[in-house]
Every structure is written in C-alpha cells, then in structure tokens.
Amino acid sequence: MVFLSAPTGARADAPDTPGGDQEQTDFYFGGVITYDDQPVEGVTMSIEGNGFEAETVTDAEGKWRLYVPEKEEYVLTVDEDTLPDGVIVDPEQLPEGIQPKQGTTASFDVAFGLTGSKIVNLFLGEGERITTSFWDQLIERLMNGINFGLLLALAAVGVSLIFGTTGLSNFAHGEMLTYGAVMALIFGVWLKVPMYITIPIVILLGAALGWALDAGLWKPLRRRGLGLVQLMIVSIGLSLAGRYVFQFFIGGGTYQLPGAGAPRDIVFGPIKLSWIDVASMAISIVLLVAVAYWLLRTRIGKATRAISDNPGLAAASGINVDRVIRIVWILAAALAAIAGVLWAYFRPGVKWDMGVQVLLLIFAAVTLGGLGTAFGALIGALIVGILVEISTLWIPPDMKYVGALAVLILILLVRPQGILGRKERLG
Amino acid sequence: MRRPKTGGLAKGDAVPGVAKNDPILVIDNVTRRFGGLTAVDVEHLEIPRHAITALIGPNGAGKTTLFNLLCGFDKPNSGTWSFDGKNLSGIPSFKVARMGQVRTFQLTKALSLLTVLENMKLGATAQKGESLWASIVPAIWRKQDNDIEAKAMELLTRFKLDAKSDDYAASLSGGQRKLLEMARALMSDPTLVMLDEPMAGVNPALTESLLDHILDLKDLGMTVLFVEHDMHMVRHIADWVVVMAEGKVVAEGPPDTVMQDPAVVDAYLGSHQDVDLGVVTGRVAGELDASAEELLEEIKEAEEASIAEAEEENK
Amino acid sequence: MTDPSTAPGAGAAVKSDEVVVEVKDLTAGYLPGINIINSANLIARKGELIGIIGPNGAGKSTLLKSIFGMVKVRGGDITVDGESVVGLKSDKLVQRGVGFVPQTNNVFPSLSIEENLQMGLYQRPKVYAERLEFVTGIFAELGKRLKQRAGSLSGGERQMVAMSRALMMDPSVLLLDEPSAGLSPVRQDDAFIRVSDINKAGVTTIMVEQNARRCLQICDRGYVLDQGRDAYEGTGRELLSDPKVIGLYLGSLGADGV
Amino acid sequence: MDWGQIFNNTAYWFFSPETIAYALAATGLAVQFGFGGLLNFGMAGFMALGAYGYAISILSFGWPWWVGILVGCVAAVIFALILGIPTLRLRADYLAIVTIAAAEIVRLLLTTQLFDEWTNSADGLGGYHAGFRGANPFPKTGADGEPIIYGFGPWQWTADQLWVRVFGIILLAIAVYLVWAIMRSPWGRVLKGIREDEDAVRSLGKNVFSYKMQALMIGGVFGALGGVVFALPSAVIPATYTTSLTFFIWTILLLGGAATVFGPVVGSVIFWVIMGFLDNVLPVLAQSDIPIISLLSSQQAATLRFILVGVALMLIVIFRPQGIFGNKRELTFVK
Amino acid sequence: GCSGGGTGGGDETTPATEERDLTLKIGTILPQTGTLAFLGPPEEAGVGLAAADINEAAKGITIDDIVWGDSGDTDNKAYATTIQKLISEDVTAAIGAASSGVTKLFLDDAVAAGIITFSPANTSLDFTNWDDNGLYWRTAPADTLQGEVLGNVVAEDGHKNVAVLYQNDSYGTGLNEVFQEVFTGTGGEIVAEQSYNTGDTNFDAQISAILASNPDAIALITFDEIYTIGPALIAAGYPAEDLYLVDGNLKNFGSDEKWPAGVSMEGAKGTTPAGPAPDTEFQARLNDWWVADGNSELTDYSYANEAYDAVILLALASLAANSTDAADVAGKLQEVSGGSGDGEKCDNFADCADIILGGGTADYDGYSGPITFDEHGDPTEATIGVFQYGADNLYTRIDL
C-alpha cells in the first residue's frame, strides 16, 4: 500500500444533484464514496475515454454521477488527493470485478451492463455493522415461537378434542381458522366494529359455526353410521369447499385487520413485542387455562374421553353422546375462530388459504403430544411453534417446516404414542 | 364318559416348580412389573408335554400377563423360558407362533372384516401362497388352499360355526367369537396351544363337546395349556393344574389334589362350589348345610371388611 | 319355602305382579333382511329376577340390546313401565332407570376405574360417594386401585368394573349380559349373590348367562332363547331339571356332581 | 359452447394421463390402506419420487427413459423402507401424520435451492421427453407428412399423446391385475387380517412387519409409477406434490371403494370427469341467463368449481360411503 | 421458442393492400383460483381491454368472445381441464399462465394441439430452449434487466449492506441472482439472503434473520406476500425508505383497502417494467373495462400491461399473416414486435395495424416496454421504471 500525501488544492463545488453539472445523456456512471461509513464530500471524480472527458465532485451525501455520451468502456479516476487525510482507495475494498488500472491505485476500467447506468460505490475505511447476536436472535425467536405455539395450541386443542371424542381427524380445521379471521375482517374492517367487540362476535360466530357443522353435517353422518375414514374424506371435501368459498368472497388477496403491523415497541432486552403480540398471548393463555379447567373439572370433559373410548357404552351410561359432541364442536370451532384471528395478527394478514397453511403444523402438534390428549396438544403446539421459528437459525429458510416435521418423526420414533399418549395393554 | 387322565407327569412331589418328566415349556425367574405392581413373578415352572395343563388363579393373578410374556407379546423385566428346548426370550411373537406355540386371547381378536372362513384359513401355517411372489401364481398355492379350506370347514362344523362361515367375523356373538378364536388357533396344528379362558361365554352344552375335541387333540400328541375359571371343565380335562396368585405359582399338581389344597380353596375356589345358590340366597327351599352357612358368613365378613377399608380410604 | 326374611342373605323382596319390562313379538336384527330376534316374548314383573340362557348366537345379547335401544327394532313392541321404549336412545332409557352391562367392550379403557364408575353416575354425580361405597363393598379389589386405567385391567377385573359401573346408578331395571364371565369361581358366586341381593332390594333384573346352572339357581323365572325365539320358559328350577333343556343347553358337565 | 362439446370435453377425462396417473396412485393406496390398513398420507411423496427419479435420471445422468422409470420405482422402494422401518410400528393414526410429514419433507427438499443443480428447485424439471417419444411405436406422421391423429370423437390424440396413454394404461392394467391376483391369494388374506388386528395375525405366526413393509413398497411403487405417468406428457414441478394431491388420491380411493380392485380406476375417472365437467359447464351457466348463477363473474365461476368439487366429494362419500364398488355390508361394521 | 420465423407458410406472398377479414379466437389460462388468484384480475383485464381496443379499431380483425379459463395453481390442478377446454374451443392462442410452473405442466399439451401459449408473466429461463415448435411466447421481461436496474438503484442510494428476501421460484431466484450480482459489482455487500416458498403464509423467521443482520436496505422480491411482509417489517421498526420493491409487489397501497391504514411506505422505492406512456391513464381504462365487465374495482395491476401487449401482438401478427392459424400467427410474432429489426415503430394497435395493412412492417412498443422478441420468443428489450412511494402510499415514477 502506498500512502499518498495529504490533499491540497481547493475543492470544487459539488452540483445540486449528482450529475447536475453535466449535460444529461442516456448513460451515466454514478456512485457514493464513504469513509468509515461517513459520506465523503468534495472528492473529485473524473471519467475519460472514447474521446470524452468529464469531471465532477461528490456532494454532501458522498454521491456523484458522470454522464457519458456512449455505452462504451471508460476509465474512471478518483482523485485520491481530495479524499480525507491519509485515505486512499484500498484495492481490497473495491467492488467485485473492478481492478485498479496497471500502475495506478485509483483509476479503473468501467463498463456498462445491460442498462444505461453503472454504479461504482467506494466504501472505504472500517465500516462497522452491529448485528444481532446469536443468543439474542434465539431469544427473540423463542418468544415468537411461544406466541405462535400458543395460537397453534388453541387450534390444536380443538382438533384434539374432536379427535378424542369422535375419532375424526378434522382436515377442515384450517378453514375454521380462516373463518374466524374472515369474520374479523368483515366486522372489524368492513363494518368498522371496534376490535374489542369484534373478537367476542368472532368467538360467538365460531361457536355458531361449530353448532351448524355438527347439526347440519356431522350428526346426520354419525346417524348414517359412516366410518371414520369416510368422515375424514368428508372433512377433506369440506375443507376444499370452505377454502374456495372464502376465495369466492374475499378473492385471492391479503387483507389486514385493524392494528396489524402495530410497532413492536414493548422491549425487554432482545425481545421486542407489540401490544398486539402481548394481547394475543394473553388471550391464548386465558382461553387455554379455561379449557383445561373445563376438561379437568367438569363431567363433560371426562365424558368426551368416555365417548371416544366407546360411544355405545357411553350412551349406556346415560351420557347424551350427541350433546357432548355438539359441545365439543362448538368449543373447538370457537377456539379455532379466535386462533384464526390471532393467526391473522401473527402473520400478519387475512388470506383465503391462511388456515390450511398451518393445518399440518396443527396436526403435527396434536400427534406429537399424543393423539386425543388435549394437554399433549398444548405441549406439542408449543414445541412445533418454537421449532418452526428457531430452526432456520441452522437450516435454509425455505425448509423451515422441515425441521418441525422431522422432529415430529424423531419424537414418535422414541415415543410412538406421542408425548402424553399411553400404550394399550394387550390380551 | 370320562377319559383317563395322563398321569406320572412330575418328577417328584407336587410342589410349586416341580420338575416334569418331559417338559415342553420351562420358565425361569420370569417377572413383569407394572409400576409398583408385580403382575408376574414365576420362579420356576415346567409344563408337561402331551398333557393338558390348566392354569388357574384369582382375577388379576397374572395369568394373561404370563401368556403375553411367553408368547412374545410383552417383554419381561427379567427371566428366561424355553419351549421345546429352544430359548424363547426375546423372540418376536410371530416366530414363537411359527415354532408351534400358539395362543388365543382372552378378549377376543376376531378379524372383523374377514369372513369367518378367512379367519380360519389365516390360522394355517406354512402356506405357500403367503409369499408375495408365489401369491401371484395360483397354481402354486391353489391345492394347499383347498385343503386348508376343507380342514377349516371341518373345524367350524365342530365349533358350530359352519353356518356362519361366509359372514364377517364382526357379526359374531360374544361366545361365537371365543369359539372362532380357539378354532383358529387349532388351524395351525400347534405343538402347544395356549388357551386363555376359551370357554368363558360358551354355551355349556357346546363346551362339553369341544372338550372332547381337545381331548382328541391330546391323543394326537398336542399339548394344551389353558386358563379357565370353570372348575367343571378343569376337573374334566386337566391332567395337571397350576395355580397362580399375585403373580406367583402357589400350587401345582393333579386336579383332584390341587383342588383340595386349602390354600387354593381359600384364595380361589371358595369352599362352596357345590352349594346351590338358590338355597343360599333364600330363593328356594333347601337345607342350608354347614358349608353354605360358612359361605354366607364369609361373604358377610368380606363385605364388612371392604366397607371398612373403603371408609378408611375415604378418610 | 323358607321365609325369605329369615333366610340369611335375603333382603326384603319387593315383588308385585306389575309388569315392568315387556317384550312382545319382537323382531330385530342388524343386517337388512336377516332377523336375529324372531317374535320373541318376555315379561319381567316388578322385582323379578329373570334369567336368559341359550346357545351361542341365539340372540340373547341382541334381545338385551334391543330393549336398551341399541339395536333397531323391526317389529313388535317393548315397554318399560307400560310405556313403549321402541326408538328411544340409550341415554333416555338410563333416565328411566334402566341400567345395562354389555357383554363385550363394557369398560372405558382409557379412563381410570374411578372415572369409569363416575360415568355410571353421569346423570346424578351428587350421590357418587355413597354409591362408591356400595360398589366397592361388592368388589373390594376395585376400591384399592381407583386410579388404574381400565384398559390395563385383567379380564376379570374389567368385568367387575363393568358391573360396578351399572350398579353405580342404582337402577330400577337392570340388564346384565353375562356378568360372571371371566370371574374367578369365588367372585362368580359373589356376583350371583349380589345380583340376587340387589334384585331383592326391588331392582327388576334380566340376566343373560352362559353359567347357566348358577343363573337358573337364583332366578325367579328363566327363558331359553334359541334362534331368536323363546323356546322354553319356566321357573329356574323347572328349567334346571327339564331333560330337554339339559340335553340341549345345559350339558352334563357340572351336573354330575363333580 | 354447446352440450355436445361439454360432453366431449368431459369424456376426454376418461383416458387422460392425469386420470391414469391418479388411478395408479390410488391403486397403490388401495394396497396400502384398502387391504393393508396403512393410513399412508404420503402418497404425494411417492409420486414425487417417481416423477423426479424419472426426470433426474434422464436430465442429469442421461439414462434411457425406461431406466428412469426403474429409478423412480427404486426411489419409492427406498422411501418406503426409510419411512417404514421406524414408523410401521406406530398406531395407524400416528402413521398418517408421520407419512404426511415425510411427504412434505420430500416436497420441501425438492423445492429448496440446496439441490438446485438436480431439482431446479421450485421451477421443476421439463424437457425430458425425447427418449420416451423416441420409443413410440405409433407412427407420428402419415405418408403425406401430415401428423396422424388417432382416435375418434372426444378421444383424438397425436402419436405422442396416444403413446403416453397406451403406456399408462398398460402400467395401470398390470397394476390392477397384480392387485387382483395378490389380494385373492393367501398373501392378500394375511394383509387384510393385519388391517383388522395385527396382534391376532401375529399370534398366528405371520411376520406382520414384513407384510406391512411389502404393502408399503408395492403401493409406493404404484404411486411412483403414477408420478411417472403424470410427468410423462408434461413436467415435474415440486408444488404439484402437495398434501392436496394425497387428499385427492384418497378421495379417489374412497369414491371407488377402498378394498376393491377396480375402485381406484373408476374413482379416478369420476374425479376427473367431475373436474372437467364443472370446468366446462360453470362458465356456460355463468353466461347464461339463469337467475343468480348468471351474476357470477368468470372468476367466481372458476372458484365455484372447487366449491362444487368439494361438495361433490362430500356428497358422494356421504351417499355412497362404501364407494362405487365397495361392499355395503362392510360398512355396518366399520369403526 | 426454437423458431420464431419461418414456420408460417405463404405469408410472404400476401398482397400488402389486401383487406383483412379475420376473426381471432383466444382463450386465457390465468389464475382465477388458487394461491396466485390475485394476479388473475389485472391480467384478465389486460386481455379484455386489448380485445376491446382491437375490436373498436376495426382494422379487419375481430377478437371473438374470449374463452376465459382458470389456470389455478399446481395444488388444485385447474389448468389441466382448462387447457383441454381451450384446445377444444379451437383457440389460436392461450394467454397464460402466470406461474412458470403451471405453464410447464400444460405447455407440452398445448404445443401438441398446435396452439400458441403466450404468457404475460413467466420468467423462467427454461422456456427459452423448450421444445415448443415456436409456439411459446411471453411478454414478461427477463429478470436480467430489472435485476440490474434494481441493483443500481439500491447502490446509487448509497446502501452498502443489503439484505434480500425473495420467493423461491424462477421469478424470485432469477431476479435475486441478477440483483445480487449487480449489487455486489457496485461495491455493496449482501449481508442476508432469505427465501420462502410460494404458498408460505408466515415470514417471521425470515424477517427476523434479515433484521438480525442489520442491513442498510432490504430488497423484497415477492408477489402478494408484500401485504404480510411489508407491515411486519415496518412493525419491527424498519424504515420504509430503505425498502426496495419489484414489479411483483409494486402496488398502490394508498388506494388499496387491503393495505393496513396506518402503515406508511413513504420513501420506499421499486422497479417495474414500464413503457414510455404513463400508467395512470392506462390503469384507469383497465379498471373501467374490468368494472364494466361486472367485476369489483381492480386493486392490483401486476402484469396487466404485459397481458394487454400479448393480445395486441397476437392480433398484429394475425393481421400480418392474414391468418388465424396458430403456426402462421406465431410465424409473425417476432416481426411485429420489432424482432426482425426493420419495423416501423408504433405504440398502439390502430397505428400498427395501419402500418401492416399499408404493407409495411410494424414494430409494436407497448405498455410493458419496447418488446422485441428474439427467435426463442423471449423479449429482449424492456424499459424498467423506477418508482417511489409518497406520503399517500402511492408510487410515482422518479427516473424520468
């Protein structure tokens, strides 16, 4: 490296806009010069070639532009004398593919690409970029993961309850989430009902959907004695129909609920949360606790398990099987609806297929926890949520679901009955 | 009509764990625990060949669990056992069955959406058509299959299931399932057949005729080990009786001896097998003999004791 | 007849001629076109203990299930307390005080014993403690392992749970499908005596049994069901000594005094 | 558009490569689920492996097309092994989720840019037809140099299109024959037994795991062949092999009847005929003057198609739960 | 497109002054359903408006009732039945599909049936050498140009450390590749590069990875996902003026009810192919046509220009060939785009048609840029506009 002497000589004035001091053609070279991340003003840049010559000076933002008449190769020179004291154009810091001309340190051959402009930026000196540390990232994502996991849990508990009571794998559950979000969109955005009223409305409408689905579809089908696989296919058809009903009405675009994109201004160390995040987690936790209480403390909770074991015997014990299943559907659908709203805030956005996108994660959560165990679903959901969020610290982001799914498989290898599931005895 | 029993099975006195002259199954130190409960804890047990052995014992004594272990459906906490001289511990269940030790299940396992006949045919072993490649060419297995079918029909007739042979097994009544379960196990011509309460729920008249069949099979060289709570049946066909309680073998010997054993009578049989319950309950006129009185007494005591216990627990 | 009140183990028999359960010309079945029950008739009067025996596949369980609303009735009528119950679902029958112990699949495997018993009282959870005492009085084993899951129980233990579940609700009519199956001999005797006791306390009981002798010993009247028809009817004693019944259904095992 | 044309366009789907491909995959599923009781929800994964095995063999390694098909099948067998060894001992419904997850992993691995060199990531592969078309026994052009069109009525194809169909139908016929042959044999009986209660079958001395694995492999190979047939006339795009593909295959299986030999074929025809019919008929209705329907825009008509497809699937399953060929009797006992 | 010229037979002999009486039948195979359904309306509007313009000009060619078809997506497989419908309707050309993947799946069928496939939005390089009998064409500009413009814009704004979030498909990866190459060539550094798969609905992990690298600017190469990613980035406190958008997501958020009201994109920049004429008037016409056709207002104009130009080019080629036969039309497409090099420039249908009817060679420059096809059917020229969002969340062109 050769240090040149300090710049002398008067600096020319920079034009008002880069290149403003020249005749404007279709082709120009331009760029920025900074030193230690500060723009350098007053550097003289010159261009030469094809019988053309021009010169300009960088402005306060360190910007310059040199117009040339033809799309040809030119020689660009930085007047190192005009750089701050002791600063030179370090060949190490030159843009990729640009080499100083033989015998110089600050003259380069420059050529255009496909377009009429070519930018040569010189970021000199020691730039400093403060990145978020691995641990801070991990903690931040863990928090996101918990938030995500909690909302997954709301849906997963519903899936688990339905599975636990009726044996049905409800593939239409994703649409029940979307339904909640769409209802929130209709009331909260289109009808401009305040959100604190909209959310109870959504829960009620979710419950109504659950009621309607059971009364209009599932109960008659139980009556007809359809097998579980048949019911599952019905739920797949329902999912398809439901999804496209949403697209029918709201189209293929993404909508936002009021307050979505609220700034994340609640800061605890590396964790940044918006009030929406906090509210979302609070709602999830309150609802999950309520469901847990219901399951553990009420007879209906136990009845759900009895029915899943043996509906005939449950009826013989005086349990009104249809009624319990109805309640389960209402509860599951209401939880799904609110989970849909939270999901719409988490993504953020309401979209016709937003629900089906998490369906697999919900099922993974339910399975991971042990099929039919509501608490297992909760644990599974948290694991899945966290894994999805943090796995991309190690794996490419376009494979972010792979991590969660692979872990699901691994855990099932060790515990084939899921985390909280139990083995049956034989004989 | 009673056939002679096979005698001279044991090498010495009929004490628990006594060695047999020709054991087919030898069990050593097999234990199985579920949490705090030791369901099976058998130090030594030998099952005699070419004989019918009954395994009896109170509910929850560990009989079914022992069956599960012996057949590879469950893993013991410790212990070894051998069948026909071959060590069986750790061998997967299907291999055990292939060696000729076939079992039935107490809670029946009918293959619901197969017909009764198909259920039966599945029981036959060494079927050529059960390999994937051979299955494509019927010529390879057709004849064998027909033979199997004939044999199956024969058994079904004996088990009074022939009329149902083309129905799905799912449509059988509880007792019929038991019958199918047993008939299916017999399809494989096992060396040792292990029957878990084969006659529970089977009509007495039919039971009787089936017992004859089992005795026939014994005559043909088969060994039978069965669990049963019906003492008439045990007396009728068993050559040897093993009694289990709380996981342990507490007594064994020829039926008549064992069933006189006071410990067995106490823990399991009750001393009042021949009392007319109608009389005991006062529904019919009849002499309440001493043993009936005793029975009532015992029942009262037991009831009070358990009530007391329950109360204690409630506190 | 000995005086029932002085006979040991006897409670106050509450009997009357009032018909509690009546099955009239019943036809029922599972598959279209095949009737399992062919115009069967059965009457149970208040406080009676009725035994039903018959060969395997005769339709005994089907008959109980049709009374309890679990099999579709195709013809005839079933009344409980004089009212037709045809078409009523099981939980409605439970409300009317009918209890039922099925022959198979009669426990909730993933529920604990305690929860199984609670299910028996689903409609009246308040009296749980009291009834639990009553039931554990009969099957003491159960009382000690209330937390064990029914799915892990042995066959006999399950059967006890199943019986207890039905007894929890204190029914006025009790339908039992082979309650003694799988129980050890002592327990079987116990169970029969209990059933008899419960019956004497006024519970009209209909019991299907393959343990036919024991059953007929304690029941007031018995039916022999064959191919969906009531082939024989009579008091327990009559049937026990009827040579035809013995030949066809009871067999000689156990009768020869061994 | 007139009704004749609607009919023609609908009839097209009787012999389309898609129909054949889905039928093949559904036949595979019939082996796995219908007869073997394996809730395999990863059929899309098997199809993807078939298609990619075929395409990559040709494009990256320059192997002949038939080797490509073999590679696809081998890939499916290996996938079945990897999937089966650890998971076949899982309870049926757990298996369902694991297989969905495995298939999604396959799809995501094919989508990710990590293996771009072979998979071309999200863009998928195309342009591998030369070998297969070169093997076409049907003359492409007649004596006059004009391309020959084979067939009649709604079924008119160029030589290449005909070849794809003939080849696909041959594969399908072989698959159906095999299923028919093995399912009436003792092998099939064991498999059906396993579907009902594997412990019982174990107690009778059958190696349950081995049978399940064989079923998984056979079904997987049929699935892979389905994937190949699907790819033969077009391209392989990873986004094709989503879970909904598996769902469609399942629906087809149940439409036809799960434990039946011809059910999958008929189910596939029904499925595509419904798809084609609705696609043709809805826009016509939307432009007609039937009240309400005529208010639909073409967008809404298109969306309505999938709503109706969903509803149709539901209705068919509801009103013929045993499927077209299924045995109603079975249904009385299903759980 | 192996051969852009020469397949059409006999057109050279067409007398220059002959009156035309042509009826061109075209169909669309654009996403009306599925994950890309948001792209359908603007593209269809483009097609519809072009047809209306052509018919109104009455230059001896009428566009028959358009056969509207749905390409759906690879998930719902709508394209499979649609392409058969178009084939059976005997269309000359199918306009579509939006996604390269979908096009690949039906292209061979369309080629076998001898109809033109003309995509307004495909950017995958694979089509360049596809075995398509010269029947595949597209108006979507190659990534190379836009990528370079984007790279230069970001660089010229003085950004040194830049992160990219792009969609994992031919569109995103292609554009991302060029952008990165150009940008690093200017002296900048790519500090984070995150991709997502089409159909993903949550980008949290990607966003937090990008923000963790603390970039000076972020290039967002996405489609509709911007509605989720944009608000999320801004919520995380990232300044809007350091965001750079591309043609897939440059939308007038200010007039879009789907965009959350409070979220300002002021200062964000974006690039998109744009002809010399300002878009606003054209977009108003598109919208009018669309609404008149019985739809609700357009909120998005992605690829409307390209779709419009595709239809115009087809009509011009048909005029030039005096035929509606697909092969003949395809034989003239390169010529009317200016690809033969000697055409007379014109920028609307009527003018171009007049040139053709007058015996000349037209060189159509449309709303999506100057459009000049090479022999593969790929556009070689494009003008890329640079736009910036104002306080009203609407974008205006800043490079003119």
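Remarks
As written, the chain order gives the labels A, B, C, D and E, with residue 1 at the start of each chain.
Keep this in mind: a residue touches a chain if its C-beta (ideal position, glycine included) is under 8 Å from a C-beta of that chain, and two chains touch if they have at least 3 such contacts.
Source: prediction; values computed, not measured.
Identification of common neighbours of subunit D and subunit E yields A. Note on connectivity: the fewest steps through touching chains from subunit B to subunit E is 2.
Located most centrally within the structure is D, per distance between chain CA means and the overall CA mean.
Of all chains, the one whose mean C-alpha position sits at the greatest distance from that of subunit B is E. Two chain pairs are in question, A-C and A-D; the one with more C-beta pairs in contact is A-D.
Taking each chain's centre as the mean of its C-alpha atoms, subunit B lies 48 Å from subunit D. Rounded to whole angstrom units, the spacing between the C-alpha centres of subunit C and subunit E is 78.
Taking the mean of the C-alpha atoms as each chain's centre, subunit C and subunit D sit 52 Å apart. If you average the CA atoms of subunit A and of subunit E, the two centres end up 27 Å from each other. Among the residues of subunit C, those touching two or more other chains are numbered 30-31, 152. With touch defined as above, residues shared between interfaces to two or more other chains in subunit A number as follows: 244, 247, 251, 396, 398, 426. Among all residues of subunit D, those that touch two or more other chains are 108, 111-113, 199, 244, 299, 303, 305-306, 329, 332, 334. Residues 32-33, 37, 40-41, 44, 68-70, 72-78, 80-82, 84-85, 88-89, 100-102, 104-109, 112, 124, 126, 129-131, 168-170, 173, 195, 197-199, 293-295 of subunit E are the ones touching subunit D in the complex. Across the interface of their complex, subunit E is touched by residues 30-32, 34, 37, 39, 61-63, 93-98, 113-115, 117-123, 127, 129-132, 136-137, 140-141, 144, 148, 189, 244, 247, 251-258, 260-265, 272, 274, 346-349, 351-354, 357-358, 388-393, 396-398, 400 of subunit A. Across the complex, subunit A meets subunit C through its residues 299, 302-303, 305-306, 308-310, 312-321, 422, 424-425. For subunit D in complex with subunit A, the touching residues are 33, 86-87, 89-91, 93-94, 96-98, 100-102, 104-105, 108-109, 111-114, 199, 243-244, 247, 250-251, 254, 258, 299-300, 303-314, 317-318, 321, 331-332, 334-335. Per the touch definition, subunit B reaches subunit C in the complex via residues 1, 34, 57-61, 63-65, 106-108, 160, 164, 171-177, 179, 196-197, 200-208, 211, 229-233, 235-236, 268-270, 272-285, 288, 293, 295-296, 299, 302-303, 305-307, 309-311, 313-314.
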